[in-house]
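Below is one structure, written out as structure tokens; the observations come after it.
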Amino acid sequence: MPDLATLLEILIIVVKVSVISGILFSLPLPLTWIERKVAGHIQVRLGPWRVGPHGVLQPFADMVKLLIKEDIVPERADKFLFKLAPLLSMIPAFLVFVAIPFGEKFAIPFVGKEITLYLSDMNVGILYILAIGGLGIYGMILGGWASNSKYSLLGGLRSSAQMISYEVSMSFAAIGVVMLTNSLNLLEMVRSQSGSFLDWNIFYLPVGPVWFVIFIIAALAEINRIPFDLPEDEGTLAAGFHTEYSGMRFSFFMLAEYVAMVTVSVLTVIMFFGGWNPPLDISIFHLVPPIFWFLGKVILFIYFFMWLRFTLPRYRYDQLMTIGWKVLIPLSLVNILVTGLMII
Amino acid sequence: MEKLFFLMFAAVAIASGLAVVTARNPVHSALALIVCLIQVAALFVLLRSPFLAAVQIFIYVGAVMVLFLFVVLILDMRKAVLQAFPPVKKRFVVGVILVLMAQILAFVFVTPMGLSPAGGWEPTVESIGRMLFTKYLFPFEVVSVILLAALVAAIVIAKERR
Amino acid sequence: MSKGPSRIAEFIKKALFLDFVKGLSITLKYNVSRSITLKYPDEEKWVPDRRFRGQHTLNKDENGRELCVACELCVKVCPTKCITVIPMEDDTGRGIADRVAKVWKVELARCMFCGYCEDACPTRAVRLGRDYELACLDLSCTTREKDELLKPQSIPDTIQGGFVVRSSFERTPEGIRVVPDLRMQKKRNI
Amino acid sequence: MSGPDVATFFSPGDFLAILPEMVIAGMACVILMVDLVVPRTKRWVVPALSVLSVAAAAWFSWNLAGSGVSAFSGMFVLDGYAAFFKLIFYIVAVFAVFVSIRYIKTEEIDLGEYYVLMLFSLSGMMIMASGSDLLTIYLGLELASLPVYALVGFLQKSRKSNEAAMKYVILGAFSSAILLYGISLIYGLTGTTQLAAISAALETGAVSGPLFTLAVIMLVAGFGFKVAGFPFHMWAPDAYEGAPTPITAFMAAGPKAAAFAVIMRVFLEGLFPAYDNWQMAIAAVAVGSMVVGNITAIMQTSIKRMLAFSSVGHAGYALLGLVAGSEEGIASVMFYLLVYAFMNLGIFGIIIMMRRDSQSGDQISHYAGLAKSNRLTALAMLVFLFSLAGIPPTAGFVAKFYVFMALIHKGMIGLAVVAALMSAVAAYYYIRIVMLMYMREPEKEFLLASSRGILCVLIIALAAVVALGVYPLTYKPRPARRSAVGQERNEMERWYP
């Protein structure tokens, strides 16, 4: 029989896991609403309006619709993989959050017990995130293949080619940040950026902004968002890899996509924008709990991605490959050299 | 506890390894191989080498197998494979593999594992990097030459001439 | 000379993502600007100008007599053949002449609101009005009979139109309707 | 941030030790770039540069030879043994370049990468010969074989070449995997990959049991693939037949000799204390190779396939020297490989000469009546064939003789008898070609694609085969010392070159 302290520790972990996964599961609800609102306003429309005040209940209506929709499995599909693919896409997206810290420590009021705002303080954190995050691609490839449809297959192929091309530069960007902060650990990364905003990696001139640009572009391609959403290019591929999916299975893909967007925003904030450090090292800013700084920055980035989505047109497939191989990778290599020289 | 985990991962790894060989659909084989590689990564974690585990997943599962699947999907090998290997002998093959595996396992359990290879250093990223550039500098550089040669070879083979 | 510096400028422009910034700033401006979408049918409704061509209406003269003399010119001129007129003798003073329409029917599902009937009408009896909420749930409502057409439309002719009014959306047992509150008028730039 | 000092792991002198390898690999990169800028009319620059870089490497090797330096914390050694094998590789590489120049023009594969890949392979073989750590050896092996996979498939238009490359790659990868399993088991059992340390660990007797046997079997299988010994020789005939002929010659003499260098180093330096464990396995492979190689060779109609099987047989003879396990055995294998390189390149030089325009020269029947029109070529062929068959006074005879002597001195008379019998079988198919050349009337006129390069190779090879047959290198056998491990190597240094 383990003693009470151990039990408490286990309980805390269980609570943390359930809180995080609960948040992640419910995340698409506000995010779809926000995304549609942003889309509407950028296009001088209103966006969802009718379900609830300002349409806030629209995602719930969508959810109900998805839940009661008929679950269609194509006759000639590979049934097993077809059913497995949405899960394969979703699970890695969730697993990534094991290594993501949301802050240092947090004291529960009245009890005086401190809990850490992360699940695991991995010393290979960034590597873990890149590795696990890369697994989500299998959902797309296998889902596209298992659907036994031309559009889906092409979507799957595109996503795999895209992912291979951009994984390299994304990892390079991660390596660059690792070189700047001297650690693979995300906590260490944030700690090394404490101070004013000038200590953030993005302001590590001249290489910081370049790494940031490389990372953002590669990450956009990795999570299949416009301008790189070729795998689900509705103009040419119906809906790409999830053409044949309906109902809950489709919503799993959507869920994974939104979680991936959040992951990338979080990573950007941790890697380049000082995590939960306030922008200026003054006492007023320290009154605000760090988690709010963190969430604020993350939300800014989520908005940024949505903003981008409704500003830029989709790239052509060959342009996508050109950007990946002929621009980003050489640029990353040069930048690694420059970073190395700067550190020395 | 640790042993239990080891057995679990090892069993799944072996089972999925078998599935790689026996699955008739190349995509299923590839998927089984992915499972197998992930299990091996888990074994690395048990061996206190999270770096290796992450690298294993990153490179093998995240990149190599994606490329592999990409090629498999493009080639559409389903028909070709079914023609090349008549499915009759499957049971026989599985039998042989199982026997060989049992033998190897028996060997592993019979033989006492002697000297510990770990030279008392923590397998952290830093120490791995340090090792690569000091003790294993020569093999490391040879690997780079190999990769260059492989690159040249691949381009020569694949390039359209004239 | 012309090529070198411009190419460099081009490169700098690309490297600094100036085009992107331009595009993003435009979309940001739109994002914070007012939406042009009407909150129709919940809160707002567009009142069309008089020249608007909506559902037909049959006019009467100031004495309440039907202006239609069932001359069937509208039937002849209608390109989609959606109007049916059956004349009859009636000297009770229902119409301005002793020939009135026994049946005056328009099939809205076929009508394309070209307004030829208006032009053809010698007595200015038929006009295309300003009702545009024509959607319905079954085919019965796609034809409008004389009785309905003779009723005045929801927006009186006296109102100039061309503005947005506050409205309310009402669900009644007979169906849904949008009730405009014609007192609250506001101009809107589109 | 504290760690062991860099200086404990390597010094500038270590880089001096790998200078020849660095020259070859570096020049390969230079040639790769030079090839891009050389105009079509000056294509000779590329092979010339290749030969020059081999010569430079040879010069450095000569100056470094026998220094006995161990570099990179014991991963790389520069002993006489390595120097001797490097000499073989240099000869093979230069000869291969010479015989290629005209051939690759005929086949329209005149790309600079051809020579570059050859040089990469050469650097891999050199690392193999000098590797004294399983890790280095494995990497050298890969570096030596990877370019060869591509070279085998260099004839893009030929289905046979593509198929051969495919088979070679797949089986090569497979064998590498087996080898790696063996290496990892050895590492698991002994805790080291350094041959000397492995030997020391084995000396203590702590390492034994079926798992060790398994590891040894895997090593034997893995290396068996590389030297194309029975039953791991399946790839050889197809690869030899499909490959461009100069590459066949290169493969048969170069990487094979490198594999032998590695086998002998691994088994006689690293695993020598476990001699009893591996001796039977190697002996089985050797006998199997001799029997299967020679008997299957009889049935071949394609000369390249026949030579492939004959090379399987020769691998069997060479392995016998390893089975003997004595210094005399080692010396005999080294001598055997040197001689084999000469006669092999010689005979392939003639086969390459037969390839012209539409004439392929691949079939044995194509050689009918060669002696009538081209007396000297036929004579050279005769000498090489006699040497391969082991008929005095050619070098082939002496080489076999040394191997048999080594066996007999160790009391393995049975093996020697089998080997001698198989030599007799082998003589049948070699002499059959001689008979074809001299006794038959030519079916049509022979047009030989001779070039200065090939003639040069033929003359040197012929001279070497005859000279080594008449004045063989000799060595004085001394009582073998089985106890001290390091001594084994020192003994080798004393005798060769």
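Letters A, B, C and D name the chains as they come in the text, with residue numbers starting at 1 for each one.
What we mean here is this: a contact is a pair of C-beta atoms (placed from the backbone, for glycine too) under 8 Å apart; a residue touches a chain by one contact, two chains touch by 3 or more.
Just so it is clear, the model here is predicted, and its values are computed rather than measured.
Enquirer: For chain A and chain C, which third chains touch each of them?
Expert: none
Enquirer: Relative to chain A, which chain has the most distant C-alpha mean position?
Expert: D
Enquirer: Tally the contacting C-beta pairs at the B-D interface and at the A-B interface, and name the larger one.
Expert: Contact tally favours B-D.
Enquirer: Compute per-chain Cα centres, compare each with the mean of all protein Cα atoms, and return the closest chain.
Expert: B
Enquirer: Please work out the Cα centroid separation of chain B and chain D, and write it as a whole number of Å.
Expert: 30
Enquirer: How many angstrom lie between the centres of chain A and chain B, each centre taken as the mean Cα position?
Expert: Computed from C-alpha means, the inter-chain centre distance equals 28 Å.
Enquirer: Determine the centre-to-centre distance between chain B and chain C, using the mean Cα coordinates as centres, and give it in whole Å.
Expert: A distance of 70 Å separates the two centres.
Enquirer: When the centre of a chain is set as the mean of its C-alpha atoms, what distance in Å lies between chain A and chain D?
Expert: From the centre of chain A to the centre of chain D is 54 Å.
Enquirer: Considering chain A alone, which of its residues make contact with at least two other chains?
Expert: Answer for chain A, listing residues that touch two or more other chains: there are none.
Enquirer: For chain B, which residues are shared contacts with two or more other chains?
Expert: none
Enquirer: For chain C, what residues touch not just one other chain but two or more?
Expert: Expected reply: no residues.
Enquirer: Chains as vertices, touching pairs as edges: which of line, ring, star, complete or other describes this one?
Expert: Per interface graph, the chains form a line.
Enquirer: For this structure, give each pair of chains that are touching.
Expert: After working through each pair, the chains in contact turn out to be A-B, A-C, B-D.
Enquirer: Spell out the residues on chain B that touch chain D in their complex, using ranges where they run on.
Expert: 104, 106-108, 110-117, 127, 130, 134-139, 142-143, 145-146, 148-150, 152-157, 161
Enquirer: Note which residues of chain B are touching chain A in the complex, please.
Expert: Going by the criterion above, the answer is residues 25, 27-28, 31, 34, 50-51, 54-55, 57-58, 61-63, 66-67, 69-70, 73-74, 124-125.
Enquirer: Under the definition above, what is the set of chain A residues touching chain C in their complex?
Expert: Against chain C, the touching part of chain A is residues 38, 40-46, 49-50, 213, 307-308, 310-312.
Enquirer: Quick check: in the complex, which residue numbers of chain A touch chain B?
Expert: Touch residues, chain A against chain B: 78, 81, 122-124, 127-128, 130-132, 134-135, 137-138, 141-142, 145, 153, 156-157, 160-161, 163-164, 167, 171, 184.
Enquirer: Flag every residue of chain C that touches chain A in the complex, lowest number first.
Expert: Contacts found on chain C: 17, 20, 23-24, 26-28, 30-37, 39, 42.
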